[in-house]
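Read from first to last, the chains carry the letters A, B, C and D; within each, the first residue is number 1.
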Amino acid sequence: MKETFIKELTKVELKNPIMVEGLPGLGLVGKIAIRYLVKQLKCQKFAYLYSPHFPYFVLVNKKGNVRLLRGTFYFWKNEKGQNDLILFTGDSQAQTIEGQYEISNRILDMAEQYNVKLVITLGGYRMETKDKPKVIAAATSQNLLERALKANAIVSPMGSPIVGTAGLILGLAPFRKIEALSLLGETRGYLPDPKAAKSVLEVLLKILNVEVDLSDLDGEIAKAESMVARLQKIEEKRASQAEEMRKSEDKKITYIS
Amino acid sequence: MKETFIKELTKVELKNPIMVEGLPGLGLVGKIAIRYLVKQLKCQKFAYLYSPHFPYFVLVNKKGNVRLLRGTFYFWKNEKGQNDLILFTGDSQAQTIEGQYEISNRILDMAEQYNVKLVITLGGYRMETKDKPKVIAAATSQNLLERALKANAIVSPMGSPIVGTAGLILGLAPFRKIEALSLLGETRGYLPDPKAAKSVLEVLLKILNVEVDLSDLDGEIAKAESMVARLQKIEEKRASQAEEMRKSEDKKITYIS
Amino acid sequence: MKETFIKELTKVELKNPIMVEGLPGLGLVGKIAIRYLVKQLKCQKFAYLYSPHFPYFVLVNKKGNVRLLRGTFYFWKNEKGQNDLILFTGDSQAQTIEGQYEISNRILDMAEQYNVKLVITLGGYRMETKDKPKVIAAATSQNLLERALKANAIVSPMGSPIVGTAGLILGLAPFRKIEALSLLGETRGYLPDPKAAKSVLEVLLKILNVEVDLSDLDGEIAKAESMVARLQKIEEKRASQAEEMRKSEDKKITYIS
Amino acid sequence: MKETFIKELTKVELKNPIMVEGLPGLGLVGKIAIRYLVKQLKCQKFAYLYSPHFPYFVLVNKKGNVRLLRGTFYFWKNEKGQNDLILFTGDSQAQTIEGQYEISNRILDMAEQYNVKLVITLGGYRMETKDKPKVIAAATSQNLLERALKANAIVSPMGSPIVGTAGLILGLAPFRKIEALSLLGETRGYLPDPKAAKSVLEVLLKILNVEVDLSDLDGEIAKAESMVARLQKIEEKRASQAEEMRKSEDKKITYIS
């Protein structure tokens, strides 16, 4: 394995497929969104992506079995609509610049092979917010961007870069005559953020004209919020203890003198 | 895209073209200078340079459209003179050593293809100065250097390295039998420095024997200087507050004892 | 040498060989274990592995002779049992991500060439413990894992990664239809840890059904423990001196006031 | 230039040449030694080595002319003895691990091409010493090492690594059936150290059985020592000022209380 490569598990016939990508990144937004879709739509694996640019460790599952880091392609047959789906997520982004370009290109190779005309990449957008996370959109064409805006996304502020695979796919897609759209959910980004993932999914599903019940995400959101609250309490306690300490130090100095 | 490559947009016929390069670097001097020329001379794009050695993000423009980082080649037909121009600038320098060599060589491939005999690279030279920025010159031949000195450049101090693409092009050009000259404007280098870019352009235009009105740069220079002044005031205020703080701490200690 | 390569010293015929790998890592557990086996079983060298991904220095031996960093393959003819052994250890792990993948693949090339069906990788597992170090197992198949558990290994906690060559071999082996097992001895990991190596060897020998007297490791274990004790005393002394210092500083302040 | 390459300037016929290498490293010992030989023996350049693994800047000479970083091969015709010499030095070592291996191999390609049977690498060995610097030797064979010991070198302590090109050449030479010896002068290593270079040259010239007047190095040694003395005075002054400061702070606290 000198280069990133794709191992196909089965051959599938797909009807006008749209590809949706979400690797780990800010708030794990893209990965949470893809995993949720895979589960709810009962998607099936059909290919793995391996790369020597992933980190050099392996993962152990709960049975003690081991596997290489990888990306996974899933497909979903859309019985009611015009577009089947290819979903892609994985364990990690590439660890080197050249690896980032290489992996983004391998994903687009797969898109070309399945005659994909549109790739949508999902991710997070760093923003301190207490409101419902907004979804930022950027695209390779004005038409496509407007489809996202109609689905309640907002335009990305000019000049803000989109980092990693979610961005590079948009940069590289036009070389293949493929259109690409990025949907980024506002997130503080430090912890897994299912709330941002839900916002992203709402926009995505509207664009795809696919119905998926998102209420199963609410349990995860509640858990994530209670963890944030707990961490904030710990932080406040630490801060007030530090304040106490400072005051008692002040007194001590007073007594000494 | 495993390697840096150039995508030509149109074929152009150029008459004894001179190439002028200015990528982002110290004080953005080279990039500001090239962009100003492109605008004033109404130059036209004719090729892009893409590279997996650029940073792994994409840029979003004001309409929400996205593009890969790239370099751009422009041309200008010189109606009155002997030499047409090829101008090159871009979003970023390469992020790896090997990438720096590779991109400099691709730029020189383009120079060879268009039968360029002279490449001039523009950049900044770190120097604390309040006077009009001087322009430092270095060249692949003594003749060429003297052309720069006659145009009011001064000789680069011995042993001072020229870092990045502006330097490597000079190092690599002789392998192609191409002459190369570097013009570096004195700059503190922390902020975009249109004043240094203006100095560089004055020397460049004299060498090229091309007339361009540089007065439109004065607005940018005034803006940049008022920003520097503002930053200095903030810094002075911060320093005097720190001094106040120190004094009041001294008093506090006195009271305690 | 643009790539990792193997230099065979002699051709050997091996009967159903099992390969055991142990490069330097946490507590040097894998390397200590392999070196002990090599010595006790009087194994013979038969190949070296060289790589431009090893660190760029050479080692000097006690006679003043020099050699490149390398890995070494040893073999052992098993007179009483079904499986001969190939042992592999070396001076260093690869220093780059791509090098880690490349070296692990070269080791597996060697395994394929000798028709190896099972590779066992040895290493350390970071854990603060005063008890006899446990041995953590992870494997490419459930069957294989159970062989390790019967030999007193315990299952690796889910999600904990196995870093470096010991891990990547497990990740890459299935592409070659080779089974692989990792045995990791609990170790604090800061110093060479022969005690963890002994635990690992006990499990390994049980799996291999090979008898080796491990008592010669006890001298090394005693030495290592006395060094740890010495370091702890130094640390305690340092801490108590710092405490003394703090108290005398307190007094000084009191006198001053 | 995707790879390190050698550009030959002239073809030369050499009689049983020995190659001596000294790139910049600890105390610049190797480079100072080679440059001194080049000057005293009036050696002639005959080839350059260029590499994309050198740092990405170019150097400006006193005339304002520019050149790429490079290594230079010189030759010397030995009228009185059996062995001509090839000397190699340069501006820099490679900046990446793979580059270190690649450049060392290109140097050995050149050695093979000229039928060199012995390469001697020069460098520094970090040691705090006020005595005449000793010269540490390491070699690819016992015979060769003994030649160095007879010339007053001492054996390298076991296990101490030789870092960089000076070391890798020794590690890689045996693959070409070339013998190699490293001579390392003791140096503190922070500043250019002509004294260590002189020690190394004394041993080298004895081994080569070539006579070169080393007294011209004494001026450089005196200059280097006066600079060290000056730096030490500055350091002592700084330390005593800090002590003064501390004392006056103590008093200030006393007055306050």
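Here is the rule we use: a contact is a pair of C-beta atoms (placed from the backbone, for glycine too) under 8 Å apart; a residue touches a chain by one contact, two chains touch by 3 or more.
It should be emphasised that the depicted structure is a prediction, and the values quoted were computed from it without experimental measurement.
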Legend entry - Interface residue identity across copies subunit B, subunit D - same or different by half: different
Legend entry - Distance from subunit C to subunit B - Cα centre to Cα centre, in angstrom: 52
Legend entry - Inter-centroid spacing, subunit B versus subunit A (mean Cα positions, whole Å): 36
Legend entry - Residues of subunit D whose C-beta touches two or more other chains: 257
Legend entry - Full enumeration of touching chain pairs: A-B, A-C, B-D, C-D
Legend entry - Of subunit A, residues touching subunit C in the complex: 1-2, 52-69, 95-96, 99, 256-257
Legend entry - Residues of subunit A touching subunit B in the complex: 97-98, 100-102, 105, 137-142, 145, 155-164, 167-168, 170-172, 175, 180, 182, 253-254, 257
